[in-house]
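Shared chain: chain A. Partners: chain B in the first complex, chain C in the second.
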Partner chain A sequence: MRGSDAALGAAGCAVFVLLGEAVPRLGLVDEDHFPPAGRIAVALGSELSDTAFWSALGDTLTGWALGLAIAVSAGVVAGVVISVTPYLREVTASTIEFLRPIPSVALIPLAVLLYGTELRSVLLLVVYAAFWQVLIQVLYGVRDVDPVAEETARSYGLGAWARIRHVLWPTALPYVMTGVRLAAAVALILAVTAELVIGAPGLGARIAVAQTSQAVPEMYALIVVTGVLGLLVNVGARAVERRALAWHQSVRGEVAV
Partner chain B sequence: MGVPPGRVTSRAWVRALLRLVFALALPAVLVAVWWAASAGSTNVYWPPLRTVFGVFPDVWTGERLRGDVLPSVLRLAAGYTAAAVAGVALGTVIGSWRAVRALCEPVLEFLRAVPPPVLVPVIMLFAGIGDTMKIAVIASGCVWPVLLNTVEGVRAVDPVLADTARSYGITGVARLRQVVLRSASPQIFAGLRQALSIGIILMVISEMFAASNGLGFTVVQFQRGFAIPDMWTGILLLGLLGFLLSVLFGLAERRVLGWYHGLRESGRRSP
Partner chain C sequence: MRRLLVGLTAGSVLAAVTACGSSDPGGKDTAGSSGKATTVKVGIVPVLDVAPVYLGEKQGFYSDRGLELELVPAQGGAAIVPAVMSGQFQFGFSNTTSLLVARSKNVPVKAVANGAASTGRSGADFAAITVGKGSPLTSAKQLEGKKAAVNTLNNICDTSIRESVRKDGGDPSKVEFVEMPFDRMPAALDGGQVDAACTPEPALATVKAAGGKEIASNFHDVSPDLTVAMYFTSEQFAGENPELVKKFQEATAESLKYADSHPEEVRQILSTYTKIPATLLEKLTLPRYPAGPDRPSIERLAELGERDGLFEKAPDLDELLP
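What follows is the complex of A and B.
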């Protein structure tokens, strides 16, 4: 079953690439607007042999990783503090609900003014966008803590820190991991967007340059690279999630038996 | 039950009041802090909040609301609706047939992984810089979360439910509406919520690239013209718009998924 699924998936990819080659060749769309897949592949090859491409890739990944790391640590700390402090949750709820849907791209003009095309303006957008994903998940996760476990820990005289460490954190971890996975994808989108719009160095800026200089196959090649990057981020985040939660399923399994 | 009705209402009043205080206290404090901290600000980039509030009515007059905010919102509505319809329709088709799903899944995963804003330059090639381009950009970014969530939701239809429907002779459109889409709707709404925030982002980005009106265009114009307080009002307005749309979405979701939340509540209570 699985083997045939994989074969079908590969066939689907092949059809996708063939369509990408055939549609412009047959003149169904303008070749200047949508070059055949072969020409995109050639452009991709020449990008890969260009050192400027690799440094742009490095810039994008730096902005992504740094922003994600800041957002995740800030989100986890803020989420735990808000959850364990009495009343803080109720007091902050409305503010969080208000700030969360504010589109991070609204901050682009501010980022440009404050930091120009530096890494910091990318980070401003990435951190703002990714922070809420993590924070909300942490808040949901902490709410899921079993009250009996919490009371038990309390009656055994566990201190606040030990309760966070042994009761709250294991319960919240699956939620946190989902938050990290969502944040990783959002962070990549915002990193590339910031480069594209602001012109901070990175893949996004390279796409903008390719577009303005009418280098259409190069532009498509770079877009393919961002897609592959997004795919790797998703796959990587899922792998991390599975690893971090390996104990979780096994514990559940034992209880069920 | 034995409590006099007057007392119950007064207690409910106190509770509601308390909730209101909880909801409004921190925003009030934050705005006050911002107001006080920026009051004497001479930094060009961080104008006093008083100035920002002061220019707000001058900047966002009726004419500008009609000329910039309305077109933005209409584009968003058009693109979002197109994406929702296409996403649910395609998702239902792909989710219903195992072979189709296996064939499409890797390609769909790749297409979803492409950061939507990089499609702006591509769609500009095809559609120029008019409204069509912006609607296409919004639709092309919003469609993926809807599509993939619909596929997952349709796939996860309870087999017992599906068999029961079949044995009762529920087929065709009735089956699609009452069984498949209904049981997939919580997932579909999760996708629609993700799509909403992507849609707002793309609305702003597409207008920042090439436009002669719209919220994103106006905010960037203010920034380039160093009209900093005006720019801040634009940021605040975008924030308000995002908040408003999210509230509207929440209301719509509660209405459509009322049965589902009720079911979960009773499920939680009964064991």
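What follows is the complex of A and C.
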């Protein structure tokens, strides 16, 4: 089952690469503006042998990882605190719905004003975008707590912390994991976007330099790298999810098939 | 599950610690300390115009004066101006019209050194109005009723294109301007989305390599010695650090002079901070790098900007220029 999945995935990639080679070769788009896959691969090779590329990759991953860690921890803590405090839930509900749809990119001028073109402005955008993904999932997750379980825990004399630990958290965890998975992808998008637009060091800034330099194959090579990163992030997030929820019926069921 | 929670908490603490510790703003412990080099952050756009500061840094013109440059590539003035105003950068690079617009809105920018200038030769400038391969357009006047691409609306590109059209006897109000980044313009010309484009190098060489042609030298049409861009700081920083600003001015003037007389070294240094392909690098028309800004050309640019309605009130050049 898994083997054939992997084979199908690889076949999909191969078809995509072939299309990328064929479309410019057939003259459907101009080779100067969309180079064939072969030329992109050559440019990718020379990127990979450049130390500046690796430090840019490191910068992007640092921004992504730090931003995601901050967003997830803040989102989980805020989500649990808001959910268990009835007043807080009422007070914050409309504010959250107001802030959540604001695109992180709209905060770029603020980020530059506060932090210039440094890592911290990337973090501001990444955290802002990823935080809501986690927070909303935690809020939904807590709402899903079985009232009978909650009442049982109460009648057995469990304190607030014990109830969070043994009743609320296990119920919310599948939601939290979904939030983390979404946040991981959003954080990567925002890290690269912030670098691209602000010019903070990283893959995005390298893409911008390639663009202004009319180095088209190099630009696509770097875009391929960000795509691969996205793929790895998704695979990684799923692996974490599966481990953390190994006890949960959704994952147990998956394994049994 | 507990391990996960512990891991997340530890991660966030670590994140908070590194986020606080990693990036002290440079140039804080500045102001004339003796002996030790002062780090100044300069926000630049990674294009041809800033080659002299890279070259000057390499030649030691800045370190001789106790300045250690940290050149921070940023994406255009939108990122650089606020960063200079808030003190994240000590200096920044911007085109002249943007500085005029900022000044007219009472943003306290202060030009300190020249950036780059038009070559003074019509038809052989580092920027031009170009048309795609096979375009019937041959002169600026024919842009009437046509679409021209500029990188930013109400800025140096459309002001100068209007002047080219006017000088050619056309009506500039009949030109339709479309905003897009320089790097997209060659493709837009090829695809026919626009009829003409304001293309500085390396977009200019790209368009020419694809069979496109120049129809006018728009910067040259404003003034043969047009000061296209300058380095600036905030009025506050200039007031508080006159010594440092003076050192930066002197070092930049020396760098400009050096770059102007060593075009081959300019091309070489370009390959370090841009990714311009080697095939294009030889074909580039370099700007001129005069040591100081050309005031009459800036006055002319301000006049044209006023005519085009770029300013709410006329910018005060005495306040802007060094």
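By our rule, the second predicted complex is superposed on the first by the 237 of 257 C-alpha atoms of A that agree within 3 Å, B and C clash if a C-alpha of one lies under 4 Å from a C-alpha of the other, contacts with A are read in each partner's own complex, and residues count from 1 in each chain.
Going forward, a contact is a pair of C-beta atoms (placed from the backbone, for glycine too) under 8 Å apart; a residue touches a chain by one contact, two chains touch by 3 or more.
Because the structure is a prediction, the values reported are computed rather than measured.
Looking at the shared chain after the overlay, A:Gly9 reaches chain B, while chain C stays out of its contact range. In the superposition on chain A, contact of A:Pro109 is made with both chain B and chain C. When the two complexes are overlaid on their common chain A, residue A:Ser213 makes contact with chain C while staying clear of chain B.
When the two complexes are overlaid on their common chain A, residue A:Trp169 makes contact with chain C while staying clear of chain B. By the touch criterion stated above, A:Glu118 is placed in contact with chain C alone, chain B being left untouched. Judged by the touch definition given at the top, the superposed model places A:Ser73 against chain C, while chain B stays out of reach.
Judged by the touch definition given at the top, the superposed model places A:Ala244 against chain C, while chain B stays out of reach. Of the two partner chains placed around the shared chain by superposition, neither chain B nor chain C is touched by A:Ser49. If you count the residues of chain A touched by chain B and by chain C, you find the higher number for B. When both complexes are overlaid on chain A, the residue A:Gly199 reaches chain C alone and has no touch with chain B.
Common to the chain B and chain C interfaces on chain A are residues 32-33, 108-109, 112-114, 196-197, 208, 210-211.
Partner chain C is touched in their complex by these residues of chain A: 30, 32-33, 66, 69-70, 72-74, 76, 108-109, 112-120, 123, 169-170, 173, 196-199, 205, 208-215, 218, 244. Taken together, the chain A residues at the contact with chain B in this complex read 4-5, 8-13, 15-16, 29, 32-34, 87, 90-95, 97-110, 112-114, 185, 188-189, 192-193, 196-197, 204, 207-208, 210-211, 216, 219-220, 222-223, 226-231, 233-234.
Put simply, chain C touches chain A in their complex at residues 1, 4, 8-9, 11-12, 14-16, 18-19, 22-23, 25, 41, 43, 45-47, 72-75, 78-79, 82-83, 85-86, 88-89, 181-183, 186-187, 190, 202-203, 205-206, 210, 273-277, 280. Those residues of chain B whose C-beta lies close enough to touch chain A in the complex are 19, 22-27, 30, 45, 99, 102-107, 109-122, 124-126, 197, 200-201, 204-205, 208-209, 216, 219-220, 222-223, 228, 231, 234-235, 238-239, 242-243, 245-246.
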